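Each structure below appears as structure tokens.
The following pair of complexes shares a single chain, chain A, combined with chain B in the former and chain C in the latter.
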Partner chain A sequence: MLDVHDLSISFSSYTLGLKKKEVCAIRSLDLRIAPGEIMAVVGQSGAGKSLLAHALLGILPPNAKVSGSLFFKSRPLTAERLTDLRGSQIALIPQSVTYLNPLLRVGTQVARAARLSGVSRDETPPVVRRAFARYLLDKEVADWFPFQLSGGMARRVLTATATVGKADLLLADEPTNGLDSAAAGEALGHLRELADTGKAVLLITHDIKAALQVADKVTVFCAGNSVEVAAAEDFNGHGRLRHPYTKALWNALPANGFRMAMPPVITSSQNDGCLFRLYCHKQDSLCGKRLPGLRNTNGGWVRCHHA
Partner chain B sequence: MFTIIKFLFLKTTRLALLIAAVAVLSFVLVSNSPIDPVDAYAGAAILNISPEQRDIIAQRWGVDKPPIERFLTWAGQLVQGDFGVSAIFNEPVLDVISKRFITSFWLMALAWSFSGALGFGLGLTAGAWEGSLIDRGIRIYAYTMASTPTFWVGIVLLMVFSVFLSWTPTCCAWPIGMSADQATIWQRLHHLLLPVITLSLIGIAKITLHTREKTIEAMHSDYAIFARAQGESTIGIVLRQAVRNVALPAVTLQFASLGELFGGAVLAEQVFAYPGLGRATVEAGIGGDVPLLLGIVLISTVFVFTGNSVADFIYQLVDPRMRKVAGSSS
Partner chain C sequence: MLEGRKLAFRYGEEREWLFKDFDLRIAPGEIVGIPGPSGRGKSTLAKVLSGYLIPQEGSVFVDGRPLSTSGCCPVQLLFQHPQLAVNPRWKIEAIMRESEEPPPELLRGLAIDPSWLGRYPHELSGGELQRVCLVRALGSQTRCLLCDEMTSMLDSLTQVSIWRTLLNIARQRELGLIVISHDYALLKKLCARIIPYFED
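And then the complex of A and B:
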């Protein structure tokens, strides 16, 4: 469905005087999602996860520079094609209720999303009604304003907004943020249902535990770089994980020892070498010289010279 | 319903307190003014008035009494609705104010509508296409006008259009030699043209800058990002998403700007010798006409206060978040 190869995103800004400065936010990122699959993208905050979603929708700010190759349904994803596809083929499920207009009724906003995704004017009301019913939202909720929604309800409205059209690729940005475990489970369940109908779901989150409940595969992000692609089953504590960063992330979970393994990786502007090398006990001269490519190791992919 | 009564009650109480405070303060200021009412009234004729005659006038006006006694007399009559008699116009203060107010009303109403509508449109355009050429043009205009004094704009317009081009009259609200009733609506509009343009040019600037800021904020908001992710175009985001969120603060600003509008009108009316309330204020000040000056101060307090209250009220009416707080929240 989606194939991202060697994606880099950098921002240029002018500092004091007229010196142009480039900040690299995502570097050499690879990502692949098949239909019917939930691919979780996990990483610390600031790793560039949300930027990835914005890049896939082509809604980055104008000072962003994107390079690398993107393929959607086996055809190159150009800027022009993206303009047509966003909303109709690729949809965003945003992370919080602030992504709804505070002054517009919920129903109006879902209906607008339906119109934009290509539903005709006559078909819109029944389509919206079905979307509401699918996510167990009462009819009168359509007349509410976003501030009247509870956290779980807001999540369902956002999911309804994104799925009211026929998008095949859904980008869920932090769907469990700020929800209690019951509501989070429900939100993840909805994503699983969508994947089971043949849609591809990109689940962007910092919460590995939540992601593992529904994801098929996990891509681990470290400082704007994909360091490992593993099957969800690999996260079982039996040493199947490949990259030292993934291991450290896994061990930092409360259930697995709660070991704060490394200081947060903040910057990715250094140009050469492995981004994680400063915190890695296996590092040697090779790690500082060039960024490792993704290698296939026992059923997954890892970006490490030594794994 | 109950909320509206409570709202009105609170506002009325506040207005009463405000009027009392303004009355005391402006009375203190006026009684410490270096202008002697009797001297100002007599003008050059003061040379022909003997000190005895002067004392008689002062006595009749009560200027010789201590300030506190004067204030109490004035306030006592005020409570009964008597604003006193204007010294320079020799008419009851309320009559002068109402006549002048009607003349000023059209000037202010037109300038207010133009600056509100055009300012909002320009601000929205500039904000939606931030950084574009059109945004730069609008911004240069707004910054220039926001830092230009009203009277200067008035003088420039007067020189160009009235003096050099002779397209517009140089003074007054209707042709010289006519009374207000004799002038046709076209003649009156012709005389209104330059003062309205002056006030609007300045008024637009502030509304534009404010609207532009709010629009930029809205265009960078999460809901605008989400709309774009749904495939909405920039125009679509502006018209369907941003407008509502920008209009709300703009309405508030528009009504709250009545005070500045009044201040601007004083200057514009002075430059164009337009016989409105603003000019009456200046005349009352220079002529030492204490009853008229205080009357105008109080009336304009009510005017500005009403503007602010209307802004509050509209805000509560339009914003669903404010509406629901009072009513049943579901």
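And then the complex of A and C:
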């Protein structure tokens, strides 16, 4: 369904006068999702996870530079094709309530999303009603404005907005943020259902626990690179994880020790070598020399010379 | 010490009470957790305790005096969505200095990168912006901090580092902390006492 190879995104901005500065947000990201699959992308806050979704929708700001190859349904994703596909075939479940129009009633916004994704005028009211029922939103909520929603309800409205149409690829950007565990389980369950009907779901989240409830595979993302691709079963506390950053994330969960094995911000400004060598007991001279590529080990991928 | 006496609140006469006859005492340096499903009024309680909303019944006291309505509020609230808590047309530097000049060790402890100062809020991630809000809330007048899903936007490593820093600061300055979260495992790690009022 979706194939991303060596994606990089950088931003240029003017500093002083006409001097240009480039900031690299994503260095090298590889990702492949098949129909019926949920691929979770987890990692550092600020690592560019949301940018990935924005790149796949072609809604990055004009000063962004994207390189690498993107394929959707085996055909290259060009800027023109993206304009046609977004909203109809590729839909986004956004991260924050600021994506809702503060001046429009919630029901109107969900109906508009349905119309834009190709639902006919007559079908729209029942489709919207079903979407509301499915996400446990009362009928009267349709007449509310976004500021009247609680954090959890807002998220359910956003999910309804994206799934009300007929998209084949869903980009869920932090769909469980701020939901209690029952509602989060519900939202994730709906993603699973959607995947089981043959849609591909990209689940972007920082919450490993939530991701593991439904994902088939997990891509771990840090400092602009994808560092590991693992099956969801590998996260079981039995040492199946390959990369030191993945292990650190896992052990930092409140239920798994609340430990801090490395600082939360790994900057990519160090010279060439592996960014994690200071926090890794396997490091040797090779690690200081060059950035490892992704290697296939135990049915997963890891960016490490020694795993 | 933060104290709420017989608090009651509802949004409009015809709506249900979100809480009624709610009493609460947080001693200096005490860390208290409030769990519960979404939409029950946890965030509303936080807004009442920090003076953003006036309760229909009861009142809030800090060190025995009613919550002051002028100057820096001694009860600071950290929101679930930091994007909505800052002025989008201010740069980070101005946001952080709104109450007072933050001490350098606080900036280091919360891993605030100096390169953020010249940026606008939408140019930071949710986690980064939340740390900026934390700096702003930790002014010298602050006696109690209300953390409403403060780290629900953050990855697990960032979450650990923020809480470790904040727990240290809270211990040194004897701040009271109220932690509102859905994550029961997190509350169990952080809090000495849990108030089950909003749970099923």
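Keep in mind that, in the parts below, the second predicted complex is superposed on the first by the 286 of 307 C-alpha atoms of A that agree within 3 Å, B and C clash if a C-alpha of one lies under 4 Å from a C-alpha of the other, contacts with A are read in each partner's own complex, and residues count from 1 in each chain.
We adopt the following convention: contacts are C-beta pairs under 8 Å (C-beta built on N, C-alpha and C of every residue); 3 or more make two chains touch, one makes a residue touch a chain.
Computed from a predicted model, the values in this text were never measured in an experiment.
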item	value
Partner chain(s) touched by A:Val42 [first = chain B, second = chain C, both, neither]	second
A:Asp180 touches, of chain B and chain C: first, second, both or neither?	second
Chain B versus chain C as contact partner of A:Leu104, first or second or both or neither	first
Touched partner set for A:Ser28, first chain B, second chain C, both or neither	neither
Which partner, chain B or chain C, touches more chain A residues	C
Partner chain in contact with A:Leu253 - chain B first, chain C second, else both or neither	second
Touched partner set for A:Trp144, first chain B, second chain C, both or neither	first
Touching partner for A:Arg86 - first (chain B), second (chain C), both, neither	first
Partner chain(s) touched by A:Ser96 [first = chain B, second = chain C, both, neither]	both
Set intersection of chain A contacts, chain C complex versus chain B complex	96, 98
Chain C residues touching chain A - in the complex, by the definition given at the top	36-39, 43, 80-81, 83-84, 111, 113, 124-128, 149, 152-161, 164, 182-186, 188-189
Partner chain A, residues of chain B touching it in the complex	221-223, 225-232, 240-241, 244-245, 248, 319-321, 324, 329-330
Footprint of chain B on chain A - complex, ascending	54, 57, 59, 83, 86-88, 91-92, 94, 96, 98-104, 112-113, 116-117, 144-145, 147-148, 161
Chain A residues within the chain C interface of the complex	42-46, 50, 95-98, 150-153, 174, 177-184, 206, 208, 248-250, 252-255, 258-265
